[in-house]
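The block underneath contains the structure these notes are about, expressed in structure tokens.
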Amino acid sequence: MISYVLIVIGAVLVNNFVLTRFLGICPFLGVSKKLGTALGMCGAVIFVMTAASAVTWALQHKILNPLGLGYMQTIAFILVIASFVQLVDIAMKKSAPKLHGALGIFLPLITTNCAVMGVAVLNVQLKYSFIKAVVFGFAASLGFALALIIFTGLREKIDRANPPRAFQGVAIALVTAGLLSLAFMGFATLVK
Amino acid sequence: MDINNILITSGAIGGVGLTCGTALALAAKFLAVKEDPRVEAMDEILPGANCGGCGFAGCADYAKAVVLDGAAINLCAPGGNEVLELIAEAMGQEASAEEKRVAVVMCAGDSEKAPRKHLYNGVADCTAAAAVAGGDKLCKYGCLGYGSCARVCPSGAIEFKNGVAIVHPDLCISCSACVRACPRNLIKMVPVSKTIHVVCSSKDKGPIVKKACQVGCIGCRMCLKLAGDAFEMEGFLALRNYDIPVENELIVEKCPGKCIVKCGASEAPSPEATEPTPSEPSTEPAEATTEGQT
Amino acid sequence: MKATKAKFKFDGGIHPAYHKELARDRAIETMPIPALLRVSMSQHLGAPAKPLVKKGDTVKRGQCIGEAAGFISAAVHAPTSGTIKEVGTAPTAMGTSAAFIAIEPDGEDAWIEGLEGIADWQNADTKALIAKVAAAGIAGMGGAGFPTNVKLSPPPDKPIDTLILNGAECEPYLTADHRLMVEHAEQIWTGCQIVRKVLGAKHVHIAIEDNKPEAIAAMEQAMEGADDDASISILKTEYPQGAEKQQIYATTGREVPSGGLPMDVGCVVENVGTTLAVWDAVVNGKPLTERVTTVTGMPVSEPKNVLGRIGIPYSDLLDFCGGLKADVAKIISGGPMMGLAQPGLDATTTKTTSGLLFLAPQETQTFRSMPCIACGRCVGACPMYLVPAELSQMLEAEDYEAAEELNVLDCIECGCCAFACPAHRPLVQHMKQGKSKVMLKRRQAQKK
Amino acid sequence: MAEQDTTKYIVSTNPHAHSGDSVQRIMLDVIIALIPATLLSFHFFGWHAVRLVTACVVGCVGIEVICRKLMGRDLGITDLSAVVTGLLLAFNLPPSLPCGMALVGCVFAIAIAKQLFGGIGYNPFNPALIGRVALLISFPVAMTKWHAPLNTARWAALNWVDGTTTATPLGAVKTAISMGQPSPVAWGNTSMLNYMLGNMSGCIGEVSALALIVGGLYLLYRRCISWHIPVAYIGTVAAFAAILRILQPDANMPVLFHLLSGGLMLGAIFMATDMVTSPLTKKGMLVFGIGCGLLTMVIRRWGGYPEGVSFAIILMNAITPLINRATRPRVFGRKSVRA
């Protein structure tokens, strides 16, 4: 049990996907302007990352490994993840068209999102069992969600800030993300 | 290389792909949402400046309105005739070309010529200043100079010179955002080829205007006498009738109120257009939004 | 009758420097009629009155010269007898232009004939009493100027059980209401009972701040022998205890719902000056033609509580108080918290002019506002429990939707936030602008 | 009246009265409140404290001026906020840190954490803490080199730094606990008094709890801060420490040790209460203080750093906008917070 807790703390705080591993920066910057949209994105990412962890684990251990096709990992994973995101996209368009419009391009972008790919590959690298892999995928997406929600709050403040012209917009957002990442360094070695 | 390896690989990956594809196809069928492809096409045509000049909330909204609600097709001013033709083609309607209109500020009372009546201390915004004791300019029709129009201008065409707004016609994209922003309704959209304007909006009688501003219309009707139908009177204020060309340009020099000016397309309409290019960089009122005038 | 402490107290509020000592102990002085009176047709909330006279007409005091135009409007009466010099438009103390009627007094100050009071008001018909109030053109004299006859006719589905008499006078400097209570407590109490009868209100609370012991004593004496349902509530001295919603809460513990009116919680609040006018109108039959205005401030030679006719130019009012003895940086019509700064002394008094305040240069300066430092003082001060810091930043960024969501429309513009703001942000101005923009948006949405 | 020039009448929206407070006055009060701790830091660390305080204050003000000039905006240093940042940054540095490194901290604090966002009021994080954390991560060795405070003999000899370095109490305890050894810090009345006065190794300004509390009381008296954040922060740390102590008396230090050692007092009274980066409402301030306390203790107990105050406050700074959003008061006359 304790190992699951450590996985969660590790993935959410210590090795936060966004702020420590620097994965998934694109939706992190793109969808952090409004809290409502950010929450929708969090939901989508949590679903995609958890499900992708499960599916890619099964793919790796039940299809690729027995067949000796470990080298096809990247291609196979991309295939599965892309389909998954498409599925979420279609489902969301049907059930929550407003949110779909707000997420815009960023939803399909999860397809090529390094965070989803990263969690799938890390699962294999860290030799996690199926349950651990799913927990890790879920925790990693929680970490993404945490970073995104914190950043959305900050974003509303810095959008009303008054930076010099060269730093307006994404530039100052990146500086803020850097400072936030600095703050997350405090969690370093919380879990070894 | 073992042929089996290739077969297994392609079979496995193909199988996975097939499964995913089938799932997607099913989802697309059962969860399909109907959409009018023309809306998207229309969105592509529009410039995407989201200036709101058409009266809709951005280009996408206008695109929807044109395609679905049959809104007028000639509302996109920044797009000009080019976009109009494309929209007309897409909608199968006739395009009626119109001359480009640019914004002109109908006030030339700068800080030297039009005095202030009190010391305004508050938000540097025209609407806000106008709401406190009726605005701080002695002339109750004149430009307050707090830059509300410049802040809404999407193309940076409005400059403040000596406390009065000036629109640069070649930068103006005809969106009318400034017209809506001005609390004193000083900005008018006029055909770009017309260069002679009455730059005063004061409806007051002559003596009051004279006291409040050195370049105000005193209602002497001189312009009507000299240039005939190109001008008309509304109470004590001369207005330019842009449908009729000004034949006698002498009026620019003869106007006793010095409020009739001529300015070319590349020049800003200033009574003394001595400096076609501003000597100082355009002010950035956005940075001074809350600074009081001290 | 013994006064008791109010049971409740709203959160927030501020303690400005009151400076009431300048005019507190000055008995009300009657000002002679000046050479010209300019009576505005827009002296109340709602539609301006419609002028009934034209240039050259002669009028008598109390003659109706402007009739109420619409449901929420009030009639305007000639403040003295004389000749109409001009009917035109001019800027009012509010900064907006409105129609006015200039009267050159003939010096006789003759009342129009046929004005009769209802001496036996106890047994009079409610409708007749309301008609008297309407005919007298009474509008709330505390500052907002809501037509009193409208207030006295609540719809039948809103029963009124409590009448609150507002004698808080929480604005610094102003002492007009205080003097009225000290000198005319009897009449105020009678007026109050008339209003109570009209409304059918069981309870009456006279709300007075505890920095006016004399007024409390005078009211206690006037109300000797009053029934048990009438009481004097002593409020803690704090701005804005006189604000309608805050006062209803302080005296009854009821919260007026957002966007609602006092009658939604069964209350009506009347200013003490208004009840005095009601007494005058009902008992003596006299229309509202004069009011008490506090002329005060450090630079004023003799601060006074002036009983003057409606329509006196501010410059004459100042001259009556001996003019200025020091430099003036700001002229305010009303009190320093909610009054309107004047660009000069051209405006004239109206039914709502509670004070004319002059501030010296050392008391007021131009401020350069700084960015919000999020100290939270405005949040602590706001009596409506808003977050002015966030609102003003949203409004500065012209994000009206967000501001609407944060209830900008609930702002009462009392000025507590801007008073407390160390960064000197023009918070009230942001709010005012935001409110008008949001209202405009709502009206447009309704049209569609 | 006629001769009066109306153009000099000020016209503005109501209110026309003001409390008389200004940002400058608040900053001045903070500076006054920091004086006792500054003097004690001079006493305990001598020349090095003087050197660091001067370098940081001059550095911060100088960098602020340079930034404002580069940005083409008015200087605005009269609000004194850069002086406060400089003082607080200096307070968070170990005595032997070279001035050059301190200046790097100033650049991070003023240029990156404050002026890039537009100056005072716009910065999402406490500038001084960003400066400190950036230094801690950039120069981990120099930033964790501690010296015992001066004693009379060394004062007399003007021996500012003795060759030996000592660990901070928190650092020593952490090392010992992680190695499974008994606590190296004896805890008694003498040591408590020493901790209270500041006679221990640590950052130059954080050691004397007493001086910091005196400053805090002054700020409370001047209403520059409210009690909510310091009390919630210190209270949470105390409660957390007490629970740990009860559960595992061997592996955890007493409550007072946690309160008096490290940067808790400095953080709780001066850094967490920074107006710009802390919540607006009283309720939000309590949440903020509790969050700071929890994070501080989590990092102290389980984290990689012996002290977690800086990180805890910056992390809470980051969620301040969310706290503000969640703790908006119920509007008068409304049942719920939202419309």
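General remarks:
Labels A, B, C and D are assigned to the chains in the order they are written; within every chain, residues are numbered from 1.
Basically, a contact is a pair of C-beta atoms (placed from the backbone, for glycine too) under 8 Å apart; a residue touches a chain by one contact, two chains touch by 3 or more.
Here the structure is a predicted model, which is why all the values come from computation and not from measurement.
Listed by label, the chains that touch chain A and also chain B are C, D.
In terms of C-beta pairs in contact, the better-connected of the chain pairs C-D and B-C is C-D.
Centroids built from CA atoms put chain D at 48 Å from chain C.
For this pair, chain B with chain C, the centres built from the Cα atoms lie 42 Å apart. The mean-CA centres of chain A and chain C are about 59 angstrom from one another, to the nearest whole unit. Rounded to whole angstrom, the centroid-to-centroid distance between chain A and chain D, based on C-alpha atoms, equals 34 Å. Residue positions 6, 8-13, 118-119, 122 of chain D are each in touch with at least two other chains.
Residue positions of chain A touching 2 or more other chains: 160, 162.
In chain C, 340-344, 366-367, 371, 396, 426, 429, 432 are the positions where the chain touches two or more neighbouring chains simultaneously.
Because contacts link each chain to all the remaining chains, their graph is best described as complete.
Put simply, chain C touches chain D in their complex at residues 10, 14, 16-17, 172, 245, 249, 255-260, 315, 318-319, 323-324, 328-332, 336-345, 357, 359, 364-367, 370-377, 379-380, 383-387, 389-390, 404-407, 410, 413-416, 418-420, 422-424, 426, 428-429, 432. Those residues of chain C that touch chain A in the complex are listed here as 371, 393-394, 396-397. In the complex of the two chains, the chain A residues touching chain B come out as 59, 63-64, 67, 69, 72, 75-76, 79-80, 82-83, 86-87, 90-91, 93-94, 97, 162.
The part of chain D that touches chain C in the complex is made up of residues 1, 4, 6, 8-19, 21-23, 25-26, 79, 118-122, 226, 275-282, 285, 324, 328-334, 338-339. The touching residues of chain A, when paired with chain D in their complex, are 35, 149-150, 153-154, 156-158, 160-164, 167, 172, 175-176, 179-180, 182-190.
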